[in-house]
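Paired with subunit B in one complex and with subunit C in the other, subunit A is shared by the two complexes that follow.
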Partner chain A sequence: MKRVYVNEKWCLGCHLCEYNCAFANSGCDDMVKALKDVQIYPRIQIEQGNGINFAVNCRHCEEPLCVKSCITGALSVQDGVIHVDQDKCVGCYTCILVCPYGAVMPGPTGGVVQKCELCTNNSSGEPACVKGCPNRAIVFEER
Partner chain B sequence: MGIDYLSPDYEVVRNPQRCIACRVCERQCANEVHSYDSEWKVMKSDDSKCVNCHRCVALCPTHALKIVKTDDTFKINANWTNEAIGEVFRQAGTGGMLLSSMGNPQPYPIYWDKILINASQVTNPSIDPLREPMETRTFLGKRPEKLERDADGSLVTDNLPPNLELSVPVLFSAMSYGSISYNAHESLARAARELGTYYNTGEGGLHEDFYQYGPHTIVQVASGRFGVHKDYLEAGAAIEIKIGQGAKPGIGGHLPGEKIVGDVSRTRMIPEGSDAISPAPHHDIYSIEDLRQLVYSLKEATNYKKPIIVKIAAVHNVAAIASGIARSGADIIAIDGYRGGTGAAPTRIRDNVGIPIELALAAVDERLRQERIRNNVSIVVGGSIRNSADIVKAIALGADAVYIGTAALLALGCHLCRTCQSGKCNWGIATQRPDLVKRLNPDIGSKRLVNLVSAWQHEIMEMMGGMGINSIEALRGNRLMLRGVGLNEKELEILGIKHAGE
Partner chain C sequence: MNYVIIGNSAAAVGCVEGIRSIDKTGSITVISDEPHHVYSRPLISYLLYGKTDREKMKYRPDDFYEKNSVTALFGVTAEKVDYEAKKVVLNNGSSVAFDKLLFATGSSPFVPPMEGLDTVPKKFSFMKLDDAMALEEAIGPQSRVLIVGAGLIGLKCAEGIRGKVRELTVVDLAPRILPSILDEEGSDMVQKHIEKQGITFHLGTSVARFGAEKAELKNGETVEFDVLVLAVGVRPNTALAAEIGCKVNRGIVSDEHCRTNLDGIYAAGDCSESYDITEDQYRVLALWPNAYMQGETAGIDMAGGNQLYDKAIPMNAIGFFDLHVITAGSYAGEAYVTRTEDTYKKLITKDNLLKGFILIGEIARAGIYTSLIREKTPLDTVDFELIRERPQLMAFAAPERAVKLGGAKA
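Right after this comes the complex of A and B.
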């Protein structure tokens, strides 16, 4: 299955992926309208420090701990992609605690969680972080 | 500040309605122009630090930025321009030489733009390169004096002088590892291999990782002899003796000690932190006879298997110098015009020394033909080849191939901010800072170089087809395919072309 991978060697820590992610998931067709004067909640996040940067998002594990631990069945695997059904999520945050990558996070309301669904749940078509990466550090490929 | 305060040349204009304060501009600017005011929740900029490299403009996701020329001005004076006054102030303040980078930006004539190309109509049909064969392959080096056949009538091909085979008549100019980054070098090397042409190490030695590109590498020997050793000479497809550079004829080079770090120091074979100073002349070359000694030393060292290039800057008596070089045993003469780029040069030299490559090329080709030694050497020209039409014109004026440096860097992302000497290139090209170097991903860089040269190759074929010519060899020196516009008699005479309408 094609997944989003980040090559630390080329990641500049510019944070554009975070903004492209927030825009893609905003449901809005204008980035300024979507993101101006708002706190963003991107599903991909840059980890940085000591001159090292890399973007982290859901690994779509083959044996996902988040799905196993979900108490309401909100998390499920569909064609390899881990989806979250925000109608079912009760915001217990168990998935956030068990995810070894820190790739599940509270959504803007705090009441439910959100995570990368490879832009299958929005109109971006292909992962927006990959499309907008200026240095091809983030790739969407089979490995 | 103080009384010497000069207002910045450029201003950063931010559209507050579009700015989402994502701070990408701030993170991407090595000159620290942008900053975020957390109290007012707005982005700010310090125009005085801006070099107008456009990194922030290119990466701003909402296109909220533009850079404009300042309209702040001293009292308008056609003689004492703002630039002229500002330079005096700067030198009065520092006592130093003014430094600049890249090619001469002054408004001297561009002869390429005063030359037009011919096309066939009715009497000799044009050729469609999509349907008929069209050869852009060419060879650089000495031509055999005569054809020989053996008893069976086959051509005798042993003992031919060594030649470089190019699938397009375009090579990447000399840019040293040190002046440009590892990733820039890797991009050039990979593109040269894919395109079937060559890149040039410049005077910085050859990084051990790039020996694998040896068959597509021209290794340079310059006055500082940095990085020159046996394996280096043997690694390349050809060896270039650099006498001069178009951006700074008559002077040497100086890579400051701050850039001599790690691999650059190892590759140049000099201690870390020591300035790499290339003398103005080669201290062992004071005549054509001396040059001949170096040419033959290098040939001897590489078993006469590699062509030797001698690179000179285009200067006043270039034709006579080229004639001497052709007789020195060199296989290829490279001539660099006054618009040629550099990583750092004294501004006065860059802007005032040398001559246009178009005139130098025409003069050299004509002189070598008159002396019947044109076949002893190939001619490669550089110093601001900007597009495929410049290449076609150069070849019709007599060049065998062209060097591109600035155009190649533009393909890699350079925006010609002409601040290479600061070492803070935001595009990861003219820098050794690891966080900046990584901004140039060679996967992207090499692909863009291949795209550029392939696009030019298509255009060259179209233009040649239009003239009814189906090979580079048939275009070379074919000055009847050129006409001048707006040139005086003397210029036409030197270029060896007729005026449009003649």
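Right after this comes the complex of A and C.
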């Protein structure tokens, strides 16, 4: 299955992936309106320090601990993509307790969780973070 | 192949999905003493709180049994297992034949003898959907509720009904709340937060006797109430398994394949014990994720596949009135503590391993800590100073990051 993979040495730490993620998931068609003067809650997040930068988002594990641990059944695997039904989620954060990548997080309201669904849940069509990466520091491919 | 599962919660669903990942055609029967489609028991407090409803709290979609070709017997109790004849005898007079059997029988509330308890007209447990619905029926805006038990069940119940009742009092024999998952400082912090919601605690004491709408406590105080919730503790349902000779300690003993000592008989979930790798001993780890994973392991093993359940640890994610708490592992070892007004963090290390942690208020990316415990990652292979400040993948060496994020083979 195609996943988002990191080429760490190419990452500039520019955070464009975070903005493109937030925009793609905003439901808004104007990037300025969607992002200006608002706190963004991207589902991909840059780690940086000591000259090293890389992006982290859901790995869509083949043995997903989040899905197996979810107490509500809100997390499920759909065609290999780990999907969260935010209507079912109650925000217990068991998925945050178990995700080894720290890739599930509370959404903007602080209640239910959100995560990368490879843009299958928005109108981007393919991962917006990858589309907008200037340096191929993240790629969407089979490995 | 005839697979039979006694129980219909997380372990049972894990078992069904485990079996069906390998065997698409074998017959599966689920025996459920409750009359409901599989639902999430921990959500009963969220149901009363208004954060979910009967539809949303279904753990799997309506077509779960049909899609997995499962015969689900609802509202039927397994009375006896005939191990020689390989059948489960039901309370409706019929029986179900099995080749492989899973005990996923869960646990039941434990109610210690208390003087005058018989005279309390409105008293409830808080384990099942029917308990929650009966409790909801019994309370109203003028209700004064007494909850006996300041553990996970009692306090989630308190949160669920706080907005629906006039007074809410919690009594526990232990000197602090949530002693099974928190240390003293953590208990204190969470207690103060819950008290701000108008909930009164009487800790380090117990009910001496119940009278007419009042409970006299051993510390001399009296609590007036009209609805009582008993959340003192639970006991694994092990009787059926013990009768046929399964080894039982506190729970049914099962190995890393979730097999019991009897051929073809498995146990998973709250009725069973698993090997806690942080304490190096068998324990009942009555936790939803563990139950699912045990059940799945059992199902895969029953169907001839191979899966190990060998990384069990105690772990909890729980919240009260928007204060989130995530804990895992054991707390014996060297502690690293940081505290602010709203947050508390404790990491416990021993023998070059992270053994446990407590996070209150700030829980982001906690699973990175959990994975250090579960994978027994030697701390000298990560930048521990970095990771103890906050959970992050930067603390792992570059080749390890390439595996985690770059698709490199481990």
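To be clear about the criterion, the second predicted complex is superposed on the first by the 143 of 143 C-alpha atoms of A that agree within 3 Å, B and C clash if a C-alpha of one lies under 4 Å from a C-alpha of the other, contacts with A are read in each partner's own complex, and residues count from 1 in each chain.
We adopt the following convention: a contact is a pair of C-beta atoms (placed from the backbone, for glycine too) under 8 Å apart; a residue touches a chain by one contact, two chains touch by 3 or more.
Everything numeric here is computed off the predicted structure, so don't read it as measured data.
After superposition onto subunit A, the partners subunit B and subunit C occupy separate space and fit alongside each other. Look at A:13: by the touch rule set out above, it reaches subunit B but stays clear of subunit C. By the touch criterion defined above, A:92 lies against subunit C but remains apart from subunit B after alignment on the C-alpha atoms of chain A. In the superposition on chain A, A:107 makes contact with neither subunit B nor subunit C.
Touch criterion met: A:59 reaches subunit C, while subunit B stays clear of it. Looking at the shared chain after the overlay, A:47 reaches subunit C, while subunit B stays out of its contact range. By the touch criterion defined above, A:143 lies against subunit C but remains apart from subunit B after alignment on the C-alpha atoms of chain A. Note on subunit A: of its two partners subunit C and subunit B, the one contacting more of its residues is C. Closest C-alpha contact of subunit B with subunit C, superposed model: 16 Å.
Interface residues of subunit A, counted against subunit C in their complex, comprise 3, 5-8, 47-49, 52, 54-56, 59, 65, 68-69, 71-73, 87-88, 90-102, 104-105, 110, 143. Across the complex, subunit A is touched by residues 10, 14, 40, 42-43, 46, 51-52, 56-60, 288-289, 292-293, 296, 315-319, 322, 324, 326, 328, 363-368, 370-371, 375, 386, 391-394, 398, 401-402, 404-407 of subunit C.
Contact residues on subunit A toward subunit B in their complex (touch as defined above): 9-10, 12-16, 18-20, 23, 31-32, 35-37, 51, 132, 134-137.
On the subunit B side of its complex with subunit A, the touching residues are 17-20, 22-24, 27-28, 41, 58-59, 61-62, 434-435, 438-439, 441, 443-444.
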